[in-house]
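Take a look at the structures listed below.
Same chain, two partners: subunit A is paired with subunit B first, then with subunit C.
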Partner chain A sequence: MRTFGSYVGLYLCYLRVNWLALMAYPTEFWGNNLGNVAGNLLGIAAVGIVFGHVRAIGGWSFDQVLFLYALAMVARSLWHLFMVNCLNLPYYVQRGTLDRLMVRPVNILFQVYADYLDNDDWGEAVIGLVVLGTLSVRLGLVGVGPEVGLARSLTNVLWLAVIALSGTAIFAAIHLAANTTSFWLVQAGAVSQLVWQVDGFSRYPLNVYSRPLRFVLSWLLPFGFINFYPAHLFFGPSGVPEGGGLLWVARLTPLVAAAAFGLAYRFWQAGLDHYQGAGS
Partner chain B sequence: MPLIEVSRLTKVYQVPLRQPGFTGAALSLVRPSYKAVTAVDGIDFTIQAGEMVGYIGPNGAGKSTTIKLLCGVLAPTSGSVSVGGLDPHRRRMENARRIGLVYGQRSQLLWDLPVRETFYLLRRIYQVPESTYRENLADFGRTFEIDAVWDTPVRLLSLGQRMRAELAAALIHSPPIVYLDEPTIGLDVLAKSRIREFLRQMNRRRGTTVILTTHDLRDVEEVCDRIIMIHQGRLVYDGALEGLRGTFGERCTLTLELEEAAGGAVAPEVALDDDVRLIKADGKRVELAFDRRRISAPEVIARACAVLPVRDLVLRETDLESVVKQVYGGNGIENGNGNGEGRGGGEP
Partner chain C sequence: MNVLTNFIPLPGPLRYLAYTRAAVARVLAYRVNFWMGAVGTVLGMTIQYYLWTAIYHGEDGALAGYGAVEALTYVILGQALQGFLHPEGDPLGRKVRDGSIAVDLARPADWQWVVFWDYLGGSLFRWLTTGVPAMVLFTVVGAVAAPPSLGAFLVFLVSAFLGFVLLFAWHFLFGLLSFWTKGGGLIDLKATAVSLFSGALVPLEFYPPGLRRMAMALPFRGIYYLPLSIYTGRLGAGEAAGALGWQAAWAVGLFLMARVLWRRATRSLVIHGG
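Moving on, here comes the complex of A and B:
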């Protein structure tokens, strides 16, 4: 049996190999990341432009919307930096590359994730962290002065870390499920593309959307648990348009994330069984 | 107890049927329809530890499917596979530690990086103990000449160098069983013969069991002591290489070049009985086949020269390729082992 420790060691070895391969093409790395930075800055600018015309969106202030936006950026970039290769699953299935992973004594999904890192999303990670940090201070969630308090600051930082990791798991779950369809569908790329489009909705608070869409974004493709619901942990009942009623939902975030990834993993295993022709 | 036991092994693929056009695509989303394709059809064989087996058959015969079943990549539809006492599909991880796999057309080397990086990574993947790792590397340094390319990026290797590195990579965890899928494809004659030599050495020194699928029958002739041949998913021959020749093929071919076109009218006079068979009479060229155990070459030549204006002649031993062609030509497949010498068949 392989221990958790051996997986950590193996992962570090994969990281090394990926980063060495990256250094073989430095121009590509810088080009992609500069493009990424530009794209993300434009995204933030777009939020600013909207707030040039309105004072609030769905009852959320400019700073709060940016905070939501940055929370999603951090989670998305963590997923992108370490787990993006599940987007290539359709190619692994079509070209039979998956077979190569299946003859190694290592968890197959682990290998899919570790096999290739594109390292294209460092821009989003850095910008996301900077924006999130700045707004956490500006919104009075974190601070060194007496007006916030050390205990509250620490609690908020801890929650932010938990929320960011939960968000990463939710991104991972959604993209894994979408790409696992490639075990059945030849055109699984279309499903994956659709999910990417839906990701766009996570930029604005869920309460601006219609009921059915809100339901989808909460319980089917739970993008809402990446930023909208967990935001209620930080702003207090008076600071959010729907009051304190959603606080308990916000606290469920890590559980929702774990459940989402668990379900996606079960789906992945069913896909593998189908690929191997085992069972039904 | 045999190392590999395959019994009544069958694999049926459900191939999705797709209707043309957008409506068809939409329909197949809602109600997909499948067609059953039998790739492997009730195959039985056992392989002992240390054997070198050539697994051959034409494209689409079911070779790769069988290898995938042996590796645990696919689950059998029915029948069973046991490798070292394990069901390779159910106990994928344990089985994976015991096997090495080399694909001639699919590399497992890290393309942009020096050869050594692949070995560092594989060492972690297979959790190879330090001592084994060092021993193997020292060994490969000698036999596979890995030392010379250790720091060279894989993309700069010649195909021959790459295949040797590929072999070494597949053996770094000292697997008792190695599956090779077309390991000499695309190599030049010299590189091919070196790979074959490496395989023989590996088998001799480490007792590694080798299962080799190939299109190049020279690989089989030079490396394997046993052949398993499949055709359309069914086993058509299992036994020694010599036996295959004896069962399916005449042993010698005599090609005659004539002074003037003799044509089909004269040529049959040479092939008077079962001992000598006319394969082809094509203007000035006549091809005869005979079994050397029943009639000697000088006798056949004498007989030919007596009735035909022979200008030149070439005598050659039937190679495996033509034997296999003969088998796939349609004769002897139905009744498995064929019916011995003197059968007709071959070219029409």
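Moving on, here comes the complex of A and C:
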């Protein structure tokens, strides 16, 4: 069994190789990230355009909806920047390149993640952080003055970090589970694309959707725990449309994230057991 | 070869219908993909339904001149069209990078038409099998309004087709850039320009004045905004005719521009072979 330290060292090697490969086409790197910035600004602009005409959507104000939006952006970009290669799992299975990873004495999923980083989601990460930071101050969650208080600021920042990382784990779990189906389905790329589509639901507060949808997005594909439930930790009972009743659900977020990733990982292991190689 | 027959290839293009058939066969061959795509389209429409219902919740009157039903019809049909008009990646850029464009150029077929008819086959098939039934369903349950008349619906079909040609020409033009940049990149930028200025997500009337004026001046509104406005009945018969002319002019113009650039590009192409 390898130690944690050796994995860190290994990861740094992978990072270096990745970066060198990426910089063989620097224009492509900048082009992709420029496009990424534009795409994410567009998403925010679309919210802004609608709020030019209404004061609230589902009981959430413009600032609150943007806060939810940014929270999802940060989590999504962290997943995208470091774990995106699980989307290529279907190709590893189809072409049998997974065999190459299986004969090495290193965790296979770790290798899949580290094998390739596309590095084209930096725009989402930066914009997400800037918007989240700005709105945290504007919504009175974080501040240096007496009106917020140092203790409350620190608690909120800590919670924000926990929530962002939990969100990353949830994205990782959902995408891992979706792509693990490639061990059984030849066209698993389609399942993964569908998951991207469902991700669209996470951009707006969950309470605008119907009950059955809300159940699915909470307990089957837990996108709701990326931003909707955790938001209840920050706004207080009077600041959210459904009052303080969901606060206990919000506190479950890290547990839900851990459970989701644990389950996805078990599913992945079952997929590996089922895998027989592509042959040649 | 005669320059004229190259630039005005009618009725030759109809020969390329074989590519359209092949594209349909390809969609059918990947059945799981097809079904997931269909479910995805319906999910996307569902998101728009709930989102816009929430936007209009508690609003008595119209927003930006749109009543709730008209706005829902616009955004939900827009979502259904996106499944149909969605570009399939960046075939041109990829082919230039990996050099496989050389094989296509060696074939005795005009590649721009090949891509056009192929793309049309896949899009049309998915629209007929997914977009249309989904729209019927959303209309039957009363989430969206039917078009005001059969005539408006037929004009919408023509307008949507012209929107398709416009989008195709735009993708093709953008793809040609890769002959010079040799990189993929900028794909997101290309899609963003379309999303923002075409009115795919939100009707252009909702935009702040400056942005709206810009969108009105650019050709992208011919892709979503005009067909959708014809469907909702916002544009009357006279305006719709004008819209079709405007779309056709831009579609033909961009298509020919892509053609000229394509010929220049293929003359200067150097493939790294091995």
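FYI, the second predicted complex is superposed on the first by the 275 of 280 C-alpha atoms of A that agree within 3 Å, B and C clash if a C-alpha of one lies under 4 Å from a C-alpha of the other, contacts with A are read in each partner's own complex, and residues count from 1 in each chain.
Convention: a contact is a pair of C-beta atoms (placed from the backbone, for glycine too) under 8 Å apart; a residue touches a chain by one contact, two chains touch by 3 or more.
A quick note: this is a predicted structure, and the numbers were derived from the prediction, not measured.
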- Query: subunit A superposed: clash or fit between subunit B and subunit C?
  - Reply: fit
- Message: Once chain A of both complexes is superposed, is A:L185 in touch with subunit B (first), subunit C (second), both, or neither?
- Response: both
- Of the two partner chains, subunit B (first) and subunit C (second), which one does A:R100 touch, if any: first, second, both, or neither? first
- Message: For A:L81, using the defined touch cut-off, is the partner it touches subunit B, subunit C, both, or neither? Pick first, second, both or neither.
- Response: neither
- Message: For A:G52, using the defined touch cut-off, is the partner it touches subunit B, subunit C, both, or neither? Pick first, second, both or neither.
- Response: second
- Message: Just to be sure I read the superposition right, which of the two partners does A:F201 touch: subunit B = first, subunit C = second, or both, or neither?
- Response: second
- Query: Which of the two partners, first being subunit B and second being subunit C, lies in contact with A:V162: first, second, both, or neither?
  - Reply: neither
- Item | When both partners are placed on the shared chain, which of subunit B and subunit C touches more of subunit A | C
- First, second, both or neither for A:A21, with subunit B first and subunit C second: first
- Task: Look across subunit B and subunit C in the superposition and give the shortest C-alpha distance you find, in Å.
- Result: 5
- Would you please give the residues of subunit A that touch subunit B in one complex and also touch subunit C in the other complex? 25, 185-187
- Interface with subunit B, subunit A side, in the complex: residues 2, 6, 9-10, 13-14, 16-17, 20-21, 24-25, 96-97, 99-100, 102-106, 184-187, 273, 276-278
- What part of subunit C is in contact with subunit A in the complex they form? 30-33, 35-37, 39-40, 43-44, 46-47, 50-51, 53-55, 57-59, 63-64, 181, 183-192, 195-196, 201-202, 206-208, 211
- Query: Residues of subunit B touching subunit A in their complex?
  - Reply: 11-14, 16, 18, 25, 29, 32, 68, 71-75, 77, 89, 92-94, 96-97, 99, 101, 103, 106, 108, 110, 112-113, 117, 120-121, 124-127, 153
- Contact footprint of subunit C on subunit A as seen in their complex: 25, 27-32, 34-36, 38-39, 42, 45-46, 49-50, 52-54, 56-58, 185-187, 189-191, 193-194, 197-198, 200-201, 204, 208-210, 213
